[in-house]
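The structure under discussion appears below in the form of structure tokens.
Per-chain residue numbering starts at 1, and chain names A, B, C and D are given in the order in which the chains are listed.
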């Protein structure tokens, strides 16, 4: 298939490489140059504009946030302007439900197709084609995309015919990760103040009921107080919780834990920690417990 | 070793059986009769009073709550009165930090030894000797207990020389489980109101970052709305969160998520759901989102 | 002075009447007709378009929400298009900080003046010229407005040179009212469940430390469970709390009580109570305490 | 009447003086000596033991907390031991609902009478006989006390035949004061970060809907950041919120705002502010907003 791929960050590069590896013609584009080189060596064509990446059957976007997606989609010479009638835009970015709804409408009005396919997994999973793809869209839109999702992930979940539902599932997942960070941070502050070793405590959790990647990854960061460099920055955590709350308000669903998380992230950002990993919520739990940053416990 | 075992509920029976299986002389006691029979067939001696179970080197207690432990420990002819000087009381019940501190002091004054060894795991794990034992106490107290812990569990974590720290770790674990129940309940209400299938959503979670027993067990109950019979009743969830908060207040550690959980459990109990499984917090998330109990989503 | 007045609801009519009474030439406009009649009898001129109300020195807007203000300000033939250079738009509506910032910029670019002057007080206070005016803007803009504020209110507070700060103060005031409603609702549920009479309890509060209009008004509604007709509907309460939280997030200020209020209003709206008075938060406190609506206490 | 009065702190001294002024025979007792002198000059008799203050028809207690009341009531030669059958203990201290229930039972078993009569008001109001008395007890117990309540207060509210309900009302009042402190602290942090003057903001509040003593007193302290010396210390605020939550849990009433307050007070105490006035919750709102203590706004 003839595929465009816009957004060559840590995630996008791996996804594009796996599409190439599956035998597709891939035209890649990134706003800041230099990201395409490795992919060109593997057989990709480098586009110098968004429009050049929109000449095939399908174009993926894998970008940082709503603003970036809005710019490439709605901008002059953007995807909506450039994509052929009947061709498909696959949005894999973590964007708002509202933007996904807007894209659904705009592509329909332009005679184009649209699917949302956000992914769960980190850059290593993207490189290894081990992502989990959460896809939503009309069956006739998704059906031909199936081999593409197989090329980038280990499993695809089709959750709805409405594209924005996939974005909601992705945002809810990030909300659940943040809730793990906060509750583990509180528990670690509690036992640490009683003199229990933080790392041993996390080992107990991850050996028992909590033997999941999310507890292993974030429990470890919290125990080691290792918040830099950020794998995912606190200000992005704040953004995603805000997007989850906005989608929930639209649906009239209260999310008390998400409200609490929003206040915690906002406190972290307001006190200078927006650049830290989002697991740095643990610094607030410690601070509020009167635990100094050098408590040996 | 000559061991007494007090409390033959679903957990205690499995633990006592495994101590017998490891070759120890075990004298068992339960307040309500009839629980000891199967164990007697395997070689246990049935005691008709607490005191009769306190004639050996070690006595375990595995009881429902503080009241039950207080009754057998401090009552007339209770453990403190009956246990020999130098013998050890091992408390495996989920009790308050304050009661564990009180037992530490009382046994010391009586010239007896005391260790706390609460366990993580369900009745099946107890039967299969697959529990995780969280032990705390003086090294000279714990060292001879090591083969006993090996007989009932798959792994032992020694967390502190202060017995009550093990109780704190256990309570913090129950707090973390409750926080998973609440946050998953909120997320499920959110995506269900958007039309995503509850069971599929939980499958996505447990296939990805949340591939842990706690998400599998409780996510499944929440998706299936299967709150009876209770594996662990909401009123016990309320009790354990209250005990975690009480211990945290003593240590001056705020736990905002636990405060929220306390209000949710209290609401569930006040509105008639105290007997339901603690995963029935999901009924509150649904109710507050305006989702009826028969929403098909 | 030659004044336009847009928005003749319960508040606007009283304000416009008092401007007429102070001797000004007032041209009034309301989208739905029939509201201007009483004012015309007192000497006002009725405008049939927004633009006709923008021919004087000053134009007031007193409208329901952001959408209404955006429509009359930015619409074709709206205030920005119609107002003379050097003339002043005074926005008295309860609008978002973001919209007030946008109006500040837009009027500046159009060579026009802009001030925010939201008011505290109910329709009776508007009719009696007893409002409290919270004004913000450049000194040279506010100075000539001073007699107008004196005509509609009993006191004017100039809080900032930035217009949007006045909107923030107004939103924060509505947040504080909502927090009184919630905390009094919780306290009433508590004492009522113990058998104390609700009305007597509110009488105790308002006779002592809480002898303020906000406790008298809302305490009375809560005690009498009198939530219809709404003086101020729950869905408007939700909107104002959301606007306060949005402004606070922009400023990086966490507001934990406002987050809790947002969840409570959202619950009330999601369960069918959006049309009730915002004091109907009390129904949630009762419900969560297991108090039926016909508990005699 | 022949009256004993135990507890001669800032509140108790004023109350005892007014009982003397009304013509009663008053025998006063305080654990630490030297407090009785002024009262003796006015005609009181100084008791050197609790029992000596229990020889009349009525004995008041006005003490700091549960521990102090337990000591004088249940101690050897305490009130229960010393008071004549048919005589009445009037408890005016802010104590737990549970202790008030225990006193009800104990006095009944001893053939004595018991009433709870906590008061609202500060030391100046106690001195001026301007307290508000919240009384509860059996009618035949309260009726003869009526002139005594008139001697110490400006108004008496009889709320229940169960003494502990008066304690609940008192605790709920302190909860409401704390909720005002927290919500005003959040609002002040919000507008201050936007550049609005704190004092002017509080003036606006207390000129309008919030013209009540509680906003004037605490709004002023918050605006001036005047947290020492404490009128009422944060650690006492924590205690009273804890007692309100405990009573509410017993009654199965969730109080989400009180839960939030408990966490805030606990944070303040854990970070070294337990001795500050409870209005120092404002330091947390400032801190979490990234406002330094010397922000001029």
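Just so we're on the same page, a contact is a pair of C-beta atoms (placed from the backbone, for glycine too) under 8 Å apart; a residue touches a chain by one contact, two chains touch by 3 or more.
By chain, with names taken from UniProt: A, B, C, D = NAD(P)-dependent oxidoreductase.
As the structure is a computational prediction, the values presented were derived from the model and not from experiment.
Engineer: Specify the chain most distant from subunit B by Cα centroid.
Structural biologist: For subunit B, the chain whose C-alpha mean is farthest off is C.
Engineer: So which one's got more C-beta contacts, A-D or B-D?
Structural biologist: If we tally the C-beta pairs in contact for A-D and B-D, the bigger total goes to B-D.
Engineer: Counting in whole Å, what is the centre-to-centre distance of subunit A and subunit B, each centre being its mean C-alpha position?
Structural biologist: 37
Engineer: Using CA atom averages as chain centres, what separation in Å is found between subunit A and subunit D?
Structural biologist: 53
Engineer: Please report how many Å separate the Cα centroid of subunit B from that of subunit D, as a whole number.
Structural biologist: Those two chain centres are 39 Å apart.
Engineer: Residues of subunit D touching 2+ other chains?
Structural biologist: 248, 252-256, 260, 263-264, 266-267, 270, 288-290
Engineer: Contact residues on subunit B for subunit A in the complex?
Structural biologist: Answer in residue numbers: 120-121, 132, 134, 155, 157, 159-160, 162, 164-165, 168-169, 172-173, 175-177, 179-180, 182-184, 186-187, 189-191, 193-197, 200-201, 203-205, 207-215, 244, 247-248, 251-258, 260, 264, 288-290.
Engineer: Provide the residue numbers of subunit D that touch subunit B in the complex, in ascending order.
Structural biologist: Going through subunit D, the ones touching subunit B are 242, 248-249, 252-256, 259-260, 262-264, 266-267, 269-270.
Engineer: For subunit A, which residues are in contact with subunit D within the complex?
Structural biologist: 263, 266-267, 270-272, 287-290
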